[in-house]
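Before we start, here is the structure in question, set down as structure tokens.
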Amino acid sequence: MKLENRRRILTTHLSIILVLFLLQFVVPPFHATMLTRIMVFATYAVGYNLLLGYTGLMSLGHAMFFSTGLYTTGLTIYYLDLGIVEAFLLGILASFVISALMAFITLRTSGVFFLIITMIFSQVFYLTTLYFNNVTYGDQGFVLTGKLKPLELAGIIIDFSSNVVKYNFALTLFAFSFLLNLRLVNSAFGRILVAIRENEEKAEMLGYNTLGFKRLALIFSGIIAGISGSAYALIFSYVGSSFAFIHNSINPLLWTLLGGAGTTIGPLVGTGLMLYLIDFTSSLTPHYPILVGAMLIAVILGFPPGVVGGIRRRWLKWLP
Amino acid sequence: MVKMASMNVLLETVQLSRRFGGLEAVKPTNLRVRQGEIRAIIGTNGAGKTTLVNMISGRIKPTSGKVFFKGRDITRLKAYERVAIGIVYTFQIINIFKNLTVYDNVVLAVQRGLTKGRWGVLGLDQRLVDREAEKILSRIGLSDSSSQIAGTLPYGYQRMLELAMALPLKPELLILDEPTQGLSAEEIERVATLIKDLAKEVTILLIEHNIRLVLELADTVTVMDKGAIIAEGRPREIEENAEVQRVYLGI
Amino acid sequence: MFKEKLSRRDAIKAVSKTALAGAAAGTGIIGAVGGYFAGSASIPRVEGVQTITRTQTVTQTVTQSPVTVTKTETAPGKPPIKIGFEVHRTGIGAVYGLWYERTTLAAVNLINEMGGIDGRPIQLIIEDDGTDPQRGVQVVEKLALEHKVDFILGALFSNVVLSAAPRAGELKKPYFAVSEGYHVPSGQLNRYSFQPGITDVRAQLEAIADWIVENLGTKITMIYPDYAFGYDHRDWFGRKARSLGATIKELIPIPPTETTFTKYFTKIPADTEVLYHVMVGPAVLTFVKELGEFFGAKRPELFGFVDSIEGVDLASPGLEFLEGTYFWEAFPRYLDGYDTPYHRFYRQRVGVNENGADVKDPKNVSTFSHMFSCWETLFVIKEAVEQSGYKNQTPADYKAFIETLENFRGFNEGIQHPHGPKIFVGALHQAFSHQFISQVKNSRFKVVHKTSIDSGLYESDVDYTKYPL
Amino acid sequence: MNIEVAIVLGLLDGVILGFNIALVALGLSIVFGVMRIVNVSHGEFFMLGAVVAWYSVTLLNNFIIALIAAPLMVAGLAAVVDRFILRPINYNPENTIVVTIGLLFIIQQLVHIIYGPYSRPVTPPIYFRVDFPWFGYSGYKIIIAGISALLMVLTWFIIFKTKLGLYMRATQQDSEIAQAFAVPVRRVYVTALALGSALAAVAGVLIAPVQQAYYLMGLDALLISFMVVIIGGLGSLSGTLIAAFMVGVIDGIVSVFFSPTLARIVASLIVTLVLLLRPRGLFGAEAT
């Protein structure tokens, strides 16, 4: 990435965050909640994209990382009455541990096998949440309402049942992962990931420990997914095993591909488009899942670079 | 167990061999490359040249035997670790990041060269990288097309680029696997000059079919046939070696 | 027995009084009045325990219902009252969703014919949640914030109720669950979540355990789905049955994804007298069929839950084996099981024939035992709005609405409550009703027992009235 | 409980259902072996089979028709998928997975629209109850096993005794070389996908009277055949069969003595181990 582009890129990303911040003052309340949801899931997608878009590793097991954050935060609040901050940090820690574990196990495989093994591990996680349902309440799940202690920061009481708090909490986390991701992919590190995606053999012959970098990428990706999971628990105060199910691994895949794999802005765009599309069509027909299917096929067949990828190709070549 | 070889031997293989299933691609081989020379390995297709250098660069594991570099046993080192200690390999078929810009290709090499240690690359001064990259680009005369997609360069330039990407890695032993394959006459000339130029700084292990080029460049020539070294010596001697002429030149 | 159990909580004491009084009175069904009753002021006449012996043959067809509805125009110019309906149109809840939607629409039409709620017509806004907890929350937000509904008629499946209700609470929208799960009365929800339309599973089990132990046997083996709903059965029934001197010989959980069951049957102890089975999900037919193949003639008594075969024709291939076995029903699928004018009227309005199937397509069997909860809940909302003078979506009006509702003590039988009279415990936000036990005879349910309402009451320390508004 | 009985039954069930699993897994395995792609919508083809069975029994009151119609229809569908979806993306492994996931959603919903959300029982063509000393057992299940075995022999014959099979095996070895030896690789691909999918469909038809026809029944079948195929080795027929019986029996016995959910967890973990230690499966060909 040439130096003259760096300023331009940074301003673009900061202004996106600024816009997201300002939107909450203009959009009607329902759309504010939609944006909250979108930002939480976009964070998830950002994490996923780091692996798929930049490192070229397609996982079908990210529901496991998401749920690790979700359950750790949820359970520690539910049983140990932890404060929001502690529970949240524990969620991140847990998703770090799990993704590190996965990084060392699953990356011994590659291609389709990587995809299958991540899927199966995620399935194991899902079954485990069912198996220990005397703790997790399995598929029925459990509720955090009334257990979220309001935070007190510098005299200001932050109550998580308020929509404003939800929105800005989601925004903060999204902004964080959004910028972290930007920093990563614009650094030497990001360039190496791309090199691995493009030509792993060559990357290794340039002296890069490709396996090591793939592991690192998976860990970052897992942590970001975990963060969004923890955030979901705090914002929507419900924890249940359906979030560990395979469908929740497919979602970030679709969002990322639609928005544009290997672009920093793509995940946000893809998530936003898809959530609104589903919300819109679900009021027209109960069969909106067809849309999900059609989208998956359409993107791969018709528009591989995805929305932002296409924009970059045609107009803004400098977009990261 | 071979004692440490004399100082001016840079690379040494001891009874290094590799078999694929039934086929013994490389019979136990002892090869010694001296510091600063241009060593050419010639031989018919399937003579085992590429397999041999692949074991040296660490891309494939030997079935038996050892590899010593500057007297150190590196048989166990992974390919990327060998790069770090100065063994650099360029592929037979042009192998660059075809979908990335020329600039990014060079930078990938540069930033590796600038960092020592495993993760050192994570905190790297981008300005320094840019400066180094510019140097390399101008050296091979690609400064102007730096933002071009590498895959769209003319064939010869892609090869130049690949060779150039070896420089920042500060190689001590540069393994070139048929660098002129498929190049036009004047492209070969350009490559040849670059190799001569490189040879001032590094030892070169050259696999080449183009005998003229070999005789022009090499200090020592090693001839392989059916997975074994059948002759070794100055270009002139090799030219006259009857054995070589029989198997290799088919005379 | 009730004395020491109920001496704890005033609310429940009051209730039990009315219930017992009712039992003493023991008279039949009350007139077409319907409506609610508050405090112990007006004592409802509630049927006591009675086993139905005489077979009622259905003479008149459902269409000639004796019940007359006094049609009233909704007051002109009054804004409609918006009720949001969160329904499972897709996902595993889809079959239920189909019929819940149909029942709800029927009730809404009726209420509007009767002059709406407080003279305002109901405007029903339906959103599908795909039986998905994540979408469930989104639907609540959409109904509350975009459609600005006054009330939300909630979901059926546990996971969706549990994810949606808290959000509704945060948005301060009254949320009426039509699930039978032990969610609302467990106290884990909030001041805004109610379940006035149907009895929760714990109460159901409290009510029927006696009959099972007395009539079927004391050596019980339980087969239940290996997830939350199954555990409610395992725990609540297990506890009650033991307290009645029965022994649980074996617990056999079966995963929801299972497709073949024969292997589990070997775990059933030979001396089992009663096989208690609750299976929900598509696999149930296989389950029953294989049960039949496994046992043949020499089977123990079987007691099951109609949830398993809601929407399933009892004449389906493989179900022959159920002949002579027993089922819990919330509301008898076959009209003759509880033949009242209101019941007939209800069927007619929803478009269900006397066999519990679609009048237009007799093969299309309804989820009859549960779907009445939508109908009755809507009438409870109507009642509470009119009693509380709820006008618009102000905190004050909602407060009035909720407190009024919490003061209800029950609902009389009538077209509003065709399923029968109910006791409502304000502290639990939960209604309690009769339960039916039926036997399969000639591939149809034959009601053999109807529990008293108060037999389902259990003590609880939950008191939603102390929760913040 | 009576342990011997449990084991006997576990084995019986395991083997008999093993046959059905094997049929589905075999299809998945053929497709992967020849085309090197994983068809995620394979489970939906299985589901389609069951649904077709319901229609032909309910509307035409004939089960045999389904046995013929279902595989043909699904094979046709597969051919269309190959032509208009897979070929355009060059059978790229990752992309194939994405598009077949998409296909999964579409097929499911179309069935939901046409067939409805119901889980419908299908009357078995023949019904009798086999009485064992300790318990009774469905005679139809035993018949399923028979038919499945027959179909597997047929498949084996096609693959090892016909020209088409030769082509398939050649393509499996190395599609470029096969191409060079004038093997019509494209047509081989279509046929492989059609054949594999048809097997899933037949399995669906056969199982319908045992389970029911339900629009969400595909995913579970897919996950199980995944396990089977991985343990058996992707692309290895014999391996697939052995693995299917293993999975069947393990599921049959373990889930009786321990929690079934636990059994599933353990099975999955075994699969991951196999993937890590022997990526080509327990019975797959060794790496060269």
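By written order: A, B, C and D. Residues from 1 in each chain.
We take it that a contact is a pair of C-beta atoms (placed from the backbone, for glycine too) under 8 Å apart; a residue touches a chain by one contact, two chains touch by 3 or more.
Since this is a predicted model, take the numbers as computed values, not measurements.
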Chains touching both chain B and chain D, listed by label: A
Neighbouring chains shared between chain A and chain D, ordered by label: C
Higher-contact pair (C-beta pairs counted), A-B versus A-C: A-C
Chain whose Cα mean lies nearest the overall Cα mean: A
CA centroid of chain B to CA centroid of chain C, Å: 79
Separation of mean Cα positions, chain B and chain A [Å, integer]: 43
Chain centre separation in whole Å, for chain D relative to chain C (CA means): 40
Touching two or more other chains - residue numbers and ranges from chain C: 90, 94, 226, 255
Where chain D touches two or more other chains, by residue: 112, 259, 261, 264
Per-residue overlap in chain A, given as positions that touch at least 2 other chains: 130, 287, 289
Topology of the chain contact graph, where touching chains are joined (line, ring, star, complete, other): other
Listing of all chain pairs that touch each other, if any do: A-B, A-C, A-D, C-D
Chain A to chain D touching residues, read off their complex: 58, 60, 105, 108-109, 111-113, 115-117, 119-121, 123-124, 127-128, 130-131, 246, 250, 253, 257, 287, 289-290, 292-297, 299-301
Chain C residues within the chain D interface of the complex: 90, 92, 94-95, 97-98, 226, 250, 253-255, 257-260, 262-270, 281-283, 285-286, 289-290, 293-296, 311, 316-318
Partner chain C, residues of chain A touching it in the complex: 28-30, 33-34, 37, 130, 133-134, 137-146, 161, 163, 236-238, 240, 242-243, 279, 282-283, 286-289
Chain A contact footprint on chain D (complex, rising order): 38, 85, 88-89, 93-95, 97-99, 101-106, 108-110, 112-113, 219, 223, 226-227, 230, 259, 261-262, 264-265, 268-269, 271-272, 275-276, 279
Chain D residues touching chain C - in the complex, by the definition given at the top: 1-2, 5-6, 9-10, 13, 17, 112, 117-119, 121-124, 129, 131, 135-138, 210-212, 214, 216-217, 220, 252-253, 255-256, 259-261, 264
